[in-house]
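The next part holds the structures, each set out as structure tokens.
The same chain A turns up in both complexes below, where it pairs with chain B and then with chain C.
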Partner chain A sequence: MALHKLLRAAALTLVLLFFLFPIFWIVVMSFQTNEEILRLPPSLVFAPTLANYTALISGHLQTASGILDITFLHNLWNSILLSTCSVLLALVLGVPAAYAFARFRFRLGEDIAFTMLSFRFAPPLLVLLPLSLYFQDLGLNDTYIGLIWIYQLICLPLILWIVRGYFEDASPDIEYAYRIDGHSWWRAFTRIAIPLAGPGIAAAGLLSFIFAWNNFVFALILASADKQPVTVGALAFVTASGIQYGQIAAAIVLSILPTLALALYAQRWLVEGLSLGAVKG
Partner chain B sequence: MSLVLDHVSKVYGRGAIAVRAVQDMSFAMEAGEIVALLGSSGCGKTSTLRMVAGFESVTEGAITLAGRRIDTLEPASRGVAMAFEGYALYPPLTVAENIGFGLARRNGRDEVDRKVREIAELLEIGDILERRPSRLSGGQQQRASLARALAREADLYLLDEPMGQLEPQLRAILRGRVKALIKERHLTAVLVTHDQTEANAMADRIAVMEGGVLQQFGSPDALRDHPENLFVATFIGEPPMNVLTAERCGDGVALGGAAAVAFPGLALPPGRRVMLGIRPHRLRLGEGALAGTIVSNQWLGDQAHVVIAFADQLLVAVSHHKVAVRVEEKIAFGFAPEDAHFFDAATGAALRHGGEG
Partner chain C sequence: MHEKAQDLATAFLAGRIGRRELARRLAGLGLALGSAETLLNAAATRALAADFDWKKHQGTQIKVLLNKHPYADALIADLANFETLTGMEVTYDIFPEDVYFDKVTAALSSHATQYDVFMTGAYQTWQYGPAGWLVDFNEYLKDPTKTAATYNWDDILPNLRASTAWSGKPGAELGGPGAHQWAVPWGFELNNLSYNQTIFDKLKLSPPRNMEELMAVAAKITKDAGGPYGIGVRGSRSWATIHPGFLSAYSNYGQRDFTMANGRLRAAMNTPESKAFHKLWVQMIQESGPKNWATYTWYQVGTDLGAGASGMIYDADILGYFMNGGDNRERGHLAYAPFAANPAAKGPTSNVWIWSLAMSNFSRQKDAGWTFIQWASGTDHLFYGARKSDVVNPVRNSVWQDAEFKERIAKSYPGYLNQYEKTAPDAKIYFTPQPLFFNLTTEWAASLQRMVAREVSVDEGLDKLADSVNRQLHQAGIG
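And then the complex of A and B:
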């Protein structure tokens, strides 16, 4: 029994090391200068510096070939704006749609739902060329609205299909019981159906936020410098005088933080969701 | 008149795949009456209930409650309360909060507490009021759902299999208590059940349904003594009514070509084929003009079920005393003319009950 526990702990440590070591190494890198990062053999002994972070926050990057302006903080703001607005829009559109697909049978219902899912099948690069032409005609090129719209390709199908499953799992009789108690259809939807599917909505929102945050090609093609998110903005660290590993590491740490914070916040809902799930039967 | 269903039909789907779940259903019940919708699963009884509640649209016909036409209203404004077969309790609320849910807006806090406690004691769930539905057994959840419905003030109470999950002893006790409560407060209730014991015990009148069609609407006594067709005759009663094919001849009928039974004054033309029904406990063993072979003889503790092979058919007889016959033995049996029911062989419609014309 003790041996069994010991092996378990060892295996867990191994798995954690495997997955967390790259992140740990990036955090360490973000406090080192480029020279310290590139020395051989690598060492954990170094004088920590905040130069990478100050460079990112001040927007001025000191390189061997002079001072370089970087717009990392603006990129970070773009990422937050684009991802948040995309997820909010996808929730507003997707949650009622998911409810409709779960509760009502209507003509072409399944076909529409599947078409939405098929948006995820299309290779983005294949869609992007014609799309950028249309966007130029519509004047949506290089606008937040255009990007948020196109991000629906990422967010909407996820939210629709995950939340639909949660609505289907909840018995419609609970809503009926509420409605027969003297409440309107809309109140039953907002007060009963949505809270019961809350964990699913939180999980779908979080997932689609992460997917939107990590998206690269849509913004690369459809947005210019001042609308670009961090994923595209990170290209700026590949400079004429070399790759700025320290700044890249610091930028990664900073751009992980919002998603991490959101995930930690949403965790409460996710755990609550697991215990709510036990209600059935 | 309280609840009136006027030629109500429910059709699911359209065209070739359309399913007529309820066909041309009409009945009217008085205020203060308990009516049971009785039938096997898929007979349309729950569809009927859900149309009254407003969860299903009415395809044809009209539903009126306390003088108001309700079939086009939202469920919220129909003035009905319902206990769900699947309980449908609000998962985040305790049992007490669930029961008091519909009361909170109109009554004071103490009043709500008192009502919740009263109905909970009646249904033997007073000790689990602070628990959440996820921690309850099916029977407890079912009683909480029933309590939530009965605690409300409504023109009509819809109870969908309200006691299906309960232990037999508790079920028998609660049937009596719930009926007493409904009668004492002069409530009007529609009960959906597949259990004829429950329907007989609780309902003033029973609507027997089959295949989406109302077969008969009447008191338990009327259903037993004057079934309107062969379906009701064989559905009501345990064990079911024995049915024999018979042909009118002489001054009575011939049974399976083997024996004849005299029915003086039977107003049927000679040669007419009919179905003759006799309830198992009306068959008299050891006396009479008919004879059959014993197939089985079971003593169930308080009654004997004797199966007799007669004219290529099996008949069941119930006796309240032990019957001293063995399998394969011949036995004489018979029945009184007033215990026979006649049905049309083709349509199943009742022709004559007992000694009536």
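And then the complex of A and C:
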């Protein structure tokens, strides 16, 4: 029994090391200077420095060619703003739509649902170039509203299709019973259907947030430098005069924090939500 | 006192007094030479304003798209002078190099009016120019109402002017008859050797002068330096692997990428001479290159040199320049040398990368945009960039002759001026301009990767490459 426990602990340690080592190494790098990071062979013994975080927060980066202004915190703010607003909008639009697709049969229903899904198939650049022409005409180029709208290409299909599955899994009889008691359709939707699909909605929201957070190309093509997310902003540390590995590591640590915090907070719904729809009863 | 200081600055710019005299007399007024820099720039701005109506577009706002680069940093630091001189307002968007050209291509292909002026490389103009996305600067350069007499276009190195002009006809000579000036050169890179002086001293080595010596020195470093490998060159599956050291050495043997016959292009990578050179290059990487050579880009080549992981690089001289400063471990230990691969060649034949300024054809204020470009590529700003910032290599001959710039470079970058002087006369773009440049050159790099990985012999690899290239040229109607 003791051997079994020992082996289990060893296996768990190995798995944890395998998955967490890259993250651990990035955290370690974020407290080192470039010179220490590039030391051969690499070493875990070093004098920790907060210089990388200071550079990111102060917005001034010392490079081989002098001091460079960086806007990483602004990029971080852009990511939070774009991802949060996009997911909220997608939830407002997507959850009722998912309910409608799950509960009602209407003309062209499946076609519309599939069209929404097909937004995920198209290569983004193929869509973006013609879109940028329309955006110019509509005055949406280089605006947060335009970007949040275009982020629906990522968030809306995900939410729609994931949440639809949860609505389909919940028995409609509960809603019918509630309505027989004299409640309106809207109340049945908000009081019965949404709470039942709650874990699914949380999981879909979190997944869309992660996808929106990781998006790179939409803002790059459709907006100016002041509206770029962290995914573009982090590249600023790769300059012709050298790669600032320490600052890249610090930027990664800072940029995974919001998603990590959200994932930890929503963990119990996430696990429940992701596993609920796995087996159709 | 301020007026006296201004007079001194004007006299210095006019060449009536020297720098030492300026420093001495400013000290008499209680000013340090360093603190007088603003004064000098302001005086230069006034001198510029004297001969041309720089205020013609006063109140106009233009937007510039920039790549995050030391040249752009120098430009931003000096923008206030332009705004004072012209009364124009300049806003800019700056993007990291990894995504910069995606941004430019998207903006131009969608006919965006957002950006007036942008940074570009010369190769990119082969795509943008013929597509009708760029302004041809010839009409501006010839018009004295639009171009200041002091602009002195001829001061820009002739090979760079030619390398940024093309007629759009596949295979036609750069800068030849009917060439459109798609871009104005701004800063450029030569491809030569940057080496670690400490390693060379330790092993009692001299900078190699030709391919045979390069291979021998690189092998010696790999064997005896106790860790560092011999030679850093790029190897990723990208056109950028071919254009620096590789093409410079290839051209030194008199080899071309294409031949032109009856108006049709034909691949020339599989001649016996080309095969012989490829064998040397492949052998050099196999024996003395980095372990993960096939992933090496500008960044890895430079980082290894700066960190002491390689003994030398055959790449852009400014990459070696940057690695000699900052927080690089080997800062202050690097030196530079010209390199002619072919022992029979009369000198180096460096292929060049030219950071240039171009104007969008969709700009609604082209004249104002041109005013900005002629200031940014003019002597005033380039002197500032070369003396006070990192605008190496400047594109103007007058800047290369500047005593202050030369003194600064000679002091901290041993051999840098010499490699420039030996290489500049024959430094130009050695690629044949044609619309499939990026695809075909990337395929060349992929082919080189297979040869280095011993997946295919050099002879067979180059024959296959030539077949594939010829097929694509034929399909495109140019071969």
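FYI, the second predicted complex is superposed on the first by the 257 of 281 C-alpha atoms of A that agree within 3 Å, B and C clash if a C-alpha of one lies under 4 Å from a C-alpha of the other, contacts with A are read in each partner's own complex, and residues count from 1 in each chain.
Convention: a residue touches a chain if its C-beta (ideal position, glycine included) is under 8 Å from a C-beta of that chain, and two chains touch if they have at least 3 such contacts.
Computed from a predicted structure; not experimentally measured.
*Asks:* Clash or fit: what happens to chain B and chain C when chain A is overlaid?
*Replies:* They fit: once the shared chain is superposed, the two partners occupy separate space.
*Asks:* Which partner chains sit in contact with A:L138 here, chain B, chain C, both or neither? Use first/second/both/neither.
*Replies:* neither
*Asks:* In the overlay, answer first, second, both or neither for which of chain B and chain C A:E35 touches.
*Replies:* A:E35 contacts chain C only, not chain B.
*Asks:* Residues of chain A touched: more by chain B or chain C?
*Replies:* Greater contact footprint in residues on chain A: C.
*Asks:* Report for A:L6: first if it touches chain B alone, second if chain C alone, otherwise both or neither.
*Replies:* neither
*Asks:* Does chain B (first) or chain C (second) touch A:L20, or do both, or does neither?
*Replies:* After superposing on A, A:L20 lies clear of both chain B and chain C.
*Asks:* Go through the superposed model and pick first if A:A261 touches only chain B, second if only chain C, both, or neither.
*Replies:* neither
*Asks:* State whether A:A236 touches chain B only (first), chain C only (second), both chains, or neither.
*Replies:* Second partner only, chain C.
*Asks:* What is the value, to the nearest 10 degrees, of the angle subtended at the Cα centroid of chain A by the Cα centroids of chain B and chain C?
*Replies:* Once the structures are overlaid on A, chain A sees chain B and chain C at 150 degrees.
*Asks:* Smallest separation in Å between any Cα of chain B and any Cα of chain C in the superposed model?
*Replies:* 48
*Asks:* Along chain B, where are the residues that touch chain A in the complex?
*Replies:* Residue list for chain B touching chain A: 53-55, 74-78, 80-82, 84, 86-92, 101-102, 105, 132-134, 148, 152.
*Asks:* Quick one: in the complex, what on chain A touches chain B?
*Replies:* Where chain A meets chain B, its residues are 171, 173-174, 176-185, 192, 195-196, 275-276, 278-279.
*Asks:* Contact residues on chain C for chain A in the complex?
*Replies:* 68-70, 73, 93-99, 102-103, 106, 109-114, 227, 298-299, 302-303, 306-309, 318-319, 322-323, 325-329, 331, 389-390
*Asks:* Using the touch rule from the top, collect the residues of chain A that touch chain C in their complex.
*Replies:* Residues of chain A touching chain C: 33-35, 38-40, 62-66, 68, 125, 128-129, 132-133, 136, 141-142, 216-217, 220-221, 224-226, 228, 232, 235-236, 238-243.
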